[in-house]
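The following pair of complexes shares a single chain, chain A, combined with chain B in the former and chain C in the latter.
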Partner chain A sequence: MALALKETFSEKTNKALGVNSEDAKLTLTYLSLAFIILFLGGTLGLLQGLNRAGLLELPSWLNYYQVLTAHGILLVVVFTTLFMVGYFYSGVSHTLGGLLPKVRKIAWTALGSMLFGVALVAATVFMGEASVMYTFYPPMQASPWFYIGLVFVVLGVWLAAFGVFISAANWKKRNRGQHLPMFSFFAVGGFLLLFLGSLGVTAEVLMLIPWAFGWTETVNVMLSRTLFWAFGHTAVNVWYLVAVSAWYVAVPKIIGGRTFSDTLARVVVILSVILNVPGGFHHQIIDPAIGEGIKFMHVFMSLSISLPSLLTAFAMFAIFERAGRKKGAKGLLGWIKKLPWGDVRFLAPMIAMITFIPAGAGGIAQTNNQLNQVVHNSLWIVGHFHLTVGVTVALTFFGITYWLIPYLSKRELTPKLNKLGVIQTLMWTVGMYLMAGAMHWVGLLGSPRRTSFSTYGDHATALGWSPYLFSLAIGGTLLFLAVVLMVYIAFHLMFKAPKGNTEFPIAEPEDDAAPTPQWTERWGLWIVIAFAIISMGYVIPVVDMIVNAPPGSPPFRTW
Partner chain B sequence: MKQAIYGLVLYVFLMLPPVASLAESIMTVHMHMQMPLFVIAGMLMAPYLKQRFPGFFSKWNHNGVPGILLFFIIMVYWMLPRAMDEALAYQSVEIFKFISLPFLAGVPLRDSWNKLGSIGQNVILVSFSIISGLMAWLYIFSPTQLCNNYLKVEQITLGWAFLFLGLSIIIYFVQQFFVDQSQYE
Partner chain C sequence: MKMHRAEEIWLVISVGVLILSMVVTGYQAFAMDMAPPSHKETIDPQKVDQTAPFDNPGVFQTEEGKYEVVMTLQIFSFTPNKIEVPAGSEVTFTMTSKDVVHGFQIAGTNVNAMVMPGHIQKITQTFEEPGEYLILCNEYCGAGHQMMSTTITVK
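This part shows the complex of A and B:
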């Protein structure tokens, strides 16, 4: 009882005085590291862009494939994870009344584990011992320390996930009969999905380590690829879910609107958790050793994932229209003009959302067998995920930064900084569209991904790619400048911006909103259904891959 | 009523010859997708049938035990390798499958579940996890091919599917004790 009283008290002070300083220290550390990683990864991206256009030859001690491996891992795994933890922990602290000391400790330990892991991974890559790309497909074999580094990264992710689960369970005990606040609901869903997705890759890495040490001679290549994509696919959908959480929770508040439907948002989270993991197969449409029947079934599993996205698209437009009409908008599309386009906290996530329309459409196209054959392993794919992860996710993260960091550092976003933010957003958008557009197009013309500059002996086809690759490099250069600007803004907001009080934007439901049904809180059931669907997707092909396995492959070093 | 229509649509869809033969061409899909979907179709139609024939259900299944026993028997019958073979070989057995799973398993399950109370429910969950475990053991380690129609590799696959099914039921069963819904609601 006394404890409960004290805790509700701390919840109230938290609301009144803003963030608890120890929580802020934790989350700001995660966010600063995320932006440092973004800077490193962006620099490597620039090197790649310039190389592909034939403008820059990389030295032998830092060749294209080392750069590419580091770029992929740092940006699509490390930057995103660090940001996710920093952002979700801030929101959990805000909506659940401060982090428990125990949870804070877990989160610091998680950070230590991740950093140690990343240091091992980066060291092996830059020493030239692990040019295996972020997918680390066997039979290419990296140094065992590369894989051991990955184990520590995963361990850190699990710790961070359990910290959130503990916070949520504890809050529920103190607030019987109440729904977990929507932000924390997203956090639980996101970390749960990441946890489920990482089970497969953990099994894979534990098979690769003895193989890399030479204790086992061969490795099952198909099985490894399948286990990898259970993770790789799920991970990007987790990053997307993190972005979506800001669209549902923060964006409506920023534009002066309300949430569309609390229930719908929770259903989107639940569906994402349940349906996602088997989608990994759409990365293996060209892989041999998976039967046609299975591939056919997985088209549906893969397309089912677009359902929550379509629900989200519907909800977002409804929110915008209602907010616009409340401000007096007339006509069919008058509400568009009423949106705060000059406010970077809205502009960045809005461009992110709009970009998901073509990006998602491209994804739906790629998941079809025949269309996949056209673009598989071409630069089209790289263009696709620079739209999804590079714009939809990254730009939403940037949009979050403009209020999250000042909220944590007890500072304010000045109009001048807002303007700089708008410039950054536009530079990023133009850069990404130039680069990703060129990648899509030149991919259709046959230019492969993951290949350093070559004219293939001045072959006419390859020479025809030059103008596109040049535009890729221009986009990449613009992007690099945008990265520099973003990192500057993030640290400025952290240390230099004027002191003040920034609120953590949490949208409220409409006054006449229907109550959220209790079944949305039945996490036990969602986990079991997710587990059952994962089994449905994986048991048949995985047993086939193991029982009918070829002898296995010895290691190769292609670099 | 809406549910009953969804159930009926699902029921008819599953019986369409191309759908049925596709589902039956893979052993695991046959047992772990087609059959449960028939049960679900029956569960969706149950409220409508109860509304039409209220006397029947209260007379024959007032405490839920007869219904769940019927469900149990039908489910166990369809787990026998021989039953699956016959469904593929004889039209009459196929038709029996189409009728028994929704109406003799799905409908009584839905009618009985809440009547059973938590002890009865737990007994069912535990029994099914044990049966799944036994089936997993049977199908994974059987030295011979059990079905005329399915190869041994499919049999092993089905065994693993049973293992995961059993695990899913156990996770669900166990989480009830750790996550006391009433504590949270």
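This part shows the complex of A and C:
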């Protein structure tokens, strides 16, 4: 009882005095590193874009494929993970009344493990020992230390995940019968999905390490690839879920609105956790060794992932319309004018959401088997994930930065910095649309992904791609400038912006909102269903790949 | 959870679109024989040169207007290369990899297939339009990946 009182007290002081300084330090460290990684990854992206258009020749000690491997891993895994952990931990601290000391310790250990892992991975890539891309498909074999680095990254992610689970369980014990606050509900869902998604790749990496040391001679190529994609696609959907959490929790508050439906938001989290993992299979639609029937079943499994997004799309526009009408908007579309377009904390996530309309539609199209065959491994795909991860996820993360960093550093977003943020958002948007637009179009014409500049012996077809690749390079250059601006803004908000009070925006439910049903809290059931769906997707093909496997492949080092 | 009427309509329409796309995809795959390449034969990846038919790669006429191209993919080339077929031919490519994962794509057509070591992949295309088509590897396979290409000439 005394303990419970003390805890409630700490929750109250947390609300009154703002963030616990030790929790603030934790998140600010994660975010600083995330933005440093964004700068490195963005610089590599610029080099790549210029090379791909034939405008820049890269030196042999830092060739295109090293740059591409590092760009992919740094931005799609490291930047996103660091941001996710930093952001979710700050929100867990805020909504659950401060982090427990042991959870804080877990989060620092997680950071150490991830950084050690990333250092190993980056070192092997830059030494030319691991030009194997983000997907590291065997039988191409990197240095064993590359895979060991990945193990430490995964270990860090798991520690961070369990820190959040412990926080949530502890809060539930102290607040029996109450719903976990929505922000923390998203954090639990996001980390649970990341954990489920990482199981496959962990199994793969544990097979690859003894092979890379030469203790086993051959490797099962199809199995490795399948286990990778159980992670590869789930990961990006985790980053998307992180972005969605800010749309439901923070954005309504920023525009002066209320949450649409607490239950709906929780259903979106639950569906995302349950449905996502088998989605990775659509990366293998034109693979051998998988039958047409299984591939067709996976069209269904992949399309089902879009269901939570369709629910979100409706909810978001409903929130905007209600908020606009409350401010006196008239007519069918008058509410659009009432939205705070000049406020970067709204503008950035709003463009992120709007972009998910074409990006999600493209995803739905390309997961249908025959349409996938048209664009598989073409630049279309690269365009697709630069819209989803590069705009929808990244711009939402930037939008979060404008309030999260000043909240933690006890500073304020000034009108001047807000303006700079608007400029950054527009530069990013124009750059990404130029680049991703060109990638989509030239991909349809047949230009492949993951290749350095090539005219294929001056073949007329390939020469016809040049203007699009030039547009790609212009977009990439604009994006690099936008990265520099964003990193400047982030550190300015951390160390230079004027002192002040910034709130952590948490939207409130409507006054007449229906209570959220208790079944939303049944995590045990969701995990069981998730495993059932993962089994539906994977048991038959994986068993087939093991039982009917050809003799394994010896290692190759082809770079 | 009580749903707004408009939300119900929205969900019915959007789920309807998803189902329609599945029906079209399924119909094309199973009734029109347009399913993506999914061949299931295997081969010892270290004995490709000694295993039929890959011990003798080349272009073979199987019947009037039909050809089979038996092809190996290896860093950073296709064997055979510079293929020629008459216009209107139906060509089946039977492929495997001698080393790492490769991709087989003919730019300007829907021919696109992953080619893995240990697995045999097949894909069929009818070439109606004469011309010199660009064949390229679309899966990163190493330092010379950007040079891995050849052509198929349709006369």
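The definition used in the following text is that the second predicted complex is superposed on the first by the 559 of 559 C-alpha atoms of A that agree within 3 Å, B and C clash if a C-alpha of one lies under 4 Å from a C-alpha of the other, contacts with A are read in each partner's own complex, and residues count from 1 in each chain.
FYI, a residue touches a chain if its C-beta (ideal position, glycine included) is under 8 Å from a C-beta of that chain, and two chains touch if they have at least 3 such contacts.
Since the structure is predicted, the reported quantities are computational estimates derived from the model, not experimental observations.
Because the two structures share chain A, they can be overlaid on it, and in that overlay chain B and chain C fit beside each other without clashing. Across the overlaid pair of complexes, the angle with its corner at the CA centre of chain A and arms to chain B and chain C is 70°, in steps of 10. When both complexes are overlaid on chain A, the residue A:Arg176 reaches chain B alone and has no touch with chain C. By the touch criterion defined above, A:Val547 reaches chain B but does not reach chain C. Put simply, more of the residues of chain A are touched by C, taking chain B and chain C as the two choices. Of the two partner chains placed by superposition, A:Lys499 touches none, neither chain B nor chain C.
When the shared chain is aligned, chain C comes close enough to touch A:Gly457, but chain B does not.
The gap separating chain B from chain C at its narrowest, counted between C-alpha atoms of the superposed chains, is 12 angstrom. According to the touch criterion, the shared surface of chain A, contacted by chain B in one complex and chain C in the other, consists of residues 548. Of all the residues in chain A, the ones that touch chain B in their complex are 172-173, 176-177, 293, 518, 521-525, 527-528, 531-532, 535-536, 539-540, 543-544, 547-548.
The touching residues of chain B, when paired with chain A in their complex, are 22, 25-26, 28-29, 32-33, 153, 156-157, 160-161, 164-165, 167-169, 171-172, 175-176, 179, 181, 183-185. Taken in their complex, chain C has these residues touching chain A: 1-2, 4, 6-7, 10-11, 14-15, 18, 21-22, 24-26, 28-30, 34-40, 42-46, 75, 99-101, 103, 105, 107-108, 110, 112-121, 132-134, 136-147, 149, 151. Residues 63, 65, 68, 131, 133, 137, 139-140, 221-222, 225, 261, 263-264, 267, 284-292, 295-296, 299-300, 303, 306-307, 310-311, 313-314, 318, 364-365, 368-374, 376-378, 445-454, 456-457, 459-462, 514, 517, 548-554, 556, 558-559 of chain A are the ones touching chain C in the complex.
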